[in-house]
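Below you'll find a set of structures to go through.
Two complexes come next, and they have one chain in common, chain A, joined by chain B in the first and chain C in the second.
After this line comes the complex of A and B, so read on.
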């Protein structure tokens, strides 16, 4: 996948993101590979997972592969008919309506695991996939407020179909039904990140305890003032 | 007692053999799952009680013992009277006193408890002459039904751990791998990967730790050969694993068993404890440098756990989801270490290959698939049970000669091989020799070796619908083609059975099935559409009958059939009483009538009628 992207070859993908390990769940980046020594044998692999190597012959856009992607998008359309991302991708493949019956009470989740994988990368694994088959959903443990969630919003931001609901309201953030208190900047009073997230980062990165008491904007302002003062001093010295 | 040298093992074996063969007059009672469910434990207790009671008055029975499963499950509980080898079938507690009086004291054979062979119809007394058993060639199931699986001494008596002592004294690890490779053994888990090559790959990878895992998940409904092997001959599996550990240089093994096999878990644990106690597992096995231990890892019973990468994740304590494998698990498996993962049947066969030699084994079966294969024969067949035959045996021989044909003389329609992921083969494939390649070529699988026989009262669309429903609900849900694809395929198939589908739906199903096959992550997804693809390949007429004529030729799909009472009705009231919705009316000795509005087509009248007076139209 990274090689394809480097070479500017466009292969559609939903579940892959540079920040996380690939998992091959959306199957859209399926390509056909073969090699000299394979005696004409070909196989379908997902480009996000298969390691590129010298001498590998990759076909990315044969009629067969386009048909596969079309059929997969057709399935996604039945699953999440409301999702604009899916609609747009499907339109590129000439699909405007699913061939299947849409799934009753489906949401826009395409089960790509991006949220659970990013949560794992962060070291929290607060949410996970539960159940199996088409009943599988992403959920916190026992459907309750996830005890390990720190309200960092990584899951919501990485979600390709914007399914994970969250809101910041009056100094309070809610995600996965769990309320968080947002820290206020001690200077400007602006709400920054959640207390839990701040504590987690301080512990993990060995930051000073008061690292998050001032917001980034105020810190930048401080820095700018310091730099300005330095420039002024330099000018004075020059004169 | 710890056995710390080969000499000690040989001395112990001689003792065990004497003890095993000493009682000339003995009664053995099968304690396989099926016999236990039918009350074999009660029969055993009754025998013990009565034999103890009557011994002082001259009853000469030296031993009453339990054995593992014979695989002749349709006839259980089974009781065998030695030394004549008289087999009594379907024995109940109430029969025991008579068996003792007539057979053990009187020396007469009890006619009504004998096995009745369906074709040609005759009663057979001698256990060894029953076609179901006599026509088999048992290698992996060699000790099943012969020994008590809870007694290590029984296993030792029939040659258990002899192959291990041969390996430890006369062979290098490389020689073991070469021998297995030479035998042409292919993994019995379903895919048929050459076992020798797998071992060689694992042994060839630089690593500090290597694992040996035995796949006892056997997640296929309708397959029970691994369950039987683990529950009836656990030491053969352990011995196979120890030999593998010696060959590849491993010190830790796992047996992955599903929680739904409680008897197998108990038996295996007992076998492991006994083996440890006797120095056959643990440090310095039989006084040599080999150190290897085995633990049981119990699975939750998801179908996908039998897939190798999902299984290893499950052993490691993670969610059993398959990983895309572009590196073999023999190179990078459990905990990213080289791992040999073989099936129960494979491990149980290894000791025989070592003992009797690779050439002997390679000569059995076909050129590309050597040896024998255990099949779990179920469905519409007279003798369901375990059948182990050489590879290349035609299906007809397994189903008709060994399995005794279709009950009620009905017509054979199809046989489903390899479990839900396999396909249904029609009558013209009956003479095909069964091996890994021929089945794959025919659009089915060897899989776990289950054979489900179907007669002419089966609707192939309904069969496909059933299996697709199973697979859709057992899909792990990781990749979209399997999760959404199988779900939609099942919905479309249900539409066909309800008579709501069109021909356009059929072509949509075919298109979807091909996408699932090509683009899914693991074998479950890739083989998932097989039930549909094989039935539409061989039984397209039935699909078309459903779609075009709204007719179900098998007489199964409720929306397309009507039950009608014909003139053969004698007015026995059986159907009337059995009808759950009260749709049947009629007087005694007069022809009954079904109210078609009330009838919900459950088929209970058809099932109870003994006069073939109910037609399905």
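After this line comes the complex of A and C, so read on.
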């Protein structure tokens, strides 16, 4: 996948993000590989997981592969009929309507685990997959407010189908049903990140607490004032 | 190896905001100009300081990024944001003590000055040479 991307070769993908380890769950990046010594044998592999090597012949678009992707998208379309990303992708492959029965109260989640993986990278693992089989969903432990969640919205932003609901309302952020207080700029009142997230960053990366009390606009103004004072002083000295 | 240095000389700035335009148009994507990474801010009537990322030695943005999306480019000396690794958690925006990591609402991404990869457009367009990209070695 990284080699294909570097060379500017387009392969459809939903579950891939540079910040997380690939896990090959969406199956859309399936490509056909073969090698000189394989005696004409071919394999279908997910390009995100298969390591590139010298002499590997990779086919990214063939009638067979397009059919495979069409089938996958057909299933996704049945599972997530409301998802615009899936609809758009399916249209590219000539699919406008699923041939399967759609899930009436589907939540658009494609079970790619991008959200749980990013939360793991963050060092929190506040959410995970619960239940088995067709009942499997991504949720906080016991369906309650996740104790480890810090309201950073990484999971919501990384989600390819934008399933994870959150809202910022009057200085209060709600995600996974857990309310968070947003830090207000001590001068202009602009809302920045959640208090829990700031505390986590301060503790983990050893950052001074006062970096987080003022918003970016006020901090830029401060910098201009400080630099301006230096300029004026330099001028006085010169005179 | 750094060969150039970006210099800001506030006493020469007249607040014409040409740098803002140059920056926004340089970072045009999908026929839409990006958010400017540089702002001339008035600190007194008719006195301006062009505020852009200071490319700190020990950057708070790099420290705050939990996904290693921010990295220093050793050739230009600029701290660059790898948009592919960014998940828009806003940690850098909140952490930067100078408020120079910005949110580009139009393109829905985080942006910061990357010195245009080694040839800042703002310095080329600055009419009073308040912004210069100077050779140091």
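In this text, the second predicted complex is superposed on the first by the 223 of 239 C-alpha atoms of A that agree within 3 Å, B and C clash if a C-alpha of one lies under 4 Å from a C-alpha of the other, contacts with A are read in each partner's own complex, and residues count from 1 in each chain.
Here is the rule we use: contacts are C-beta pairs under 8 Å (C-beta built on N, C-alpha and C of every residue); 3 or more make two chains touch, one makes a residue touch a chain.
Note that the coordinates shown come from a computational prediction; the quantities given were computed from them, not determined experimentally.
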I'd like to know which partner A:78 touches here: chain B for first, chain C for second, both or neither.
first
Which partner does A:167 contact after superposing on A: first (chain B), second (chain C), both, neither?
neither
Using the superposition on chain A described above, determine whether A:227 touches chain B (first), chain C (second), both, or neither.
second
Could you say whether A:17 touches chain B, chain C, both of them, or neither, answering first, second, both or neither?
second
One more residue to check, A:218. First (chain B), second (chain C), both or neither?
second
I'd like to know which partner A:99 touches here: chain B for first, chain C for second, both or neither.
first
The intersection of the chain A residues contacting chain B with those contacting chain C is none
Would you pull the chain A residues touching chain B in the complex into a rising list?
23-27, 30, 44-46, 49-51, 64, 67-68, 71-72, 75-76, 78-79, 99-101, 103, 110-111, 113, 128-129, 131-136
So in the complex, the part of chain A that touches chain C is made up of which residues?
17-19, 118, 121-123, 152-154, 157-158, 183, 192-193, 197-198, 201, 204-208, 211-212, 214-225, 227-229, 231-232, 234-235
Complex contacts: residues of chain B adjacent to chain A
302, 304, 319, 324, 326, 472-481, 483-488, 491-492, 508, 511-512, 515, 518-521
Which bits of chain C are touching chain A when the two form their complex?
8, 10-11, 39, 41-44, 47-49, 51, 60, 63-64, 66-69, 82, 84-91, 93-102
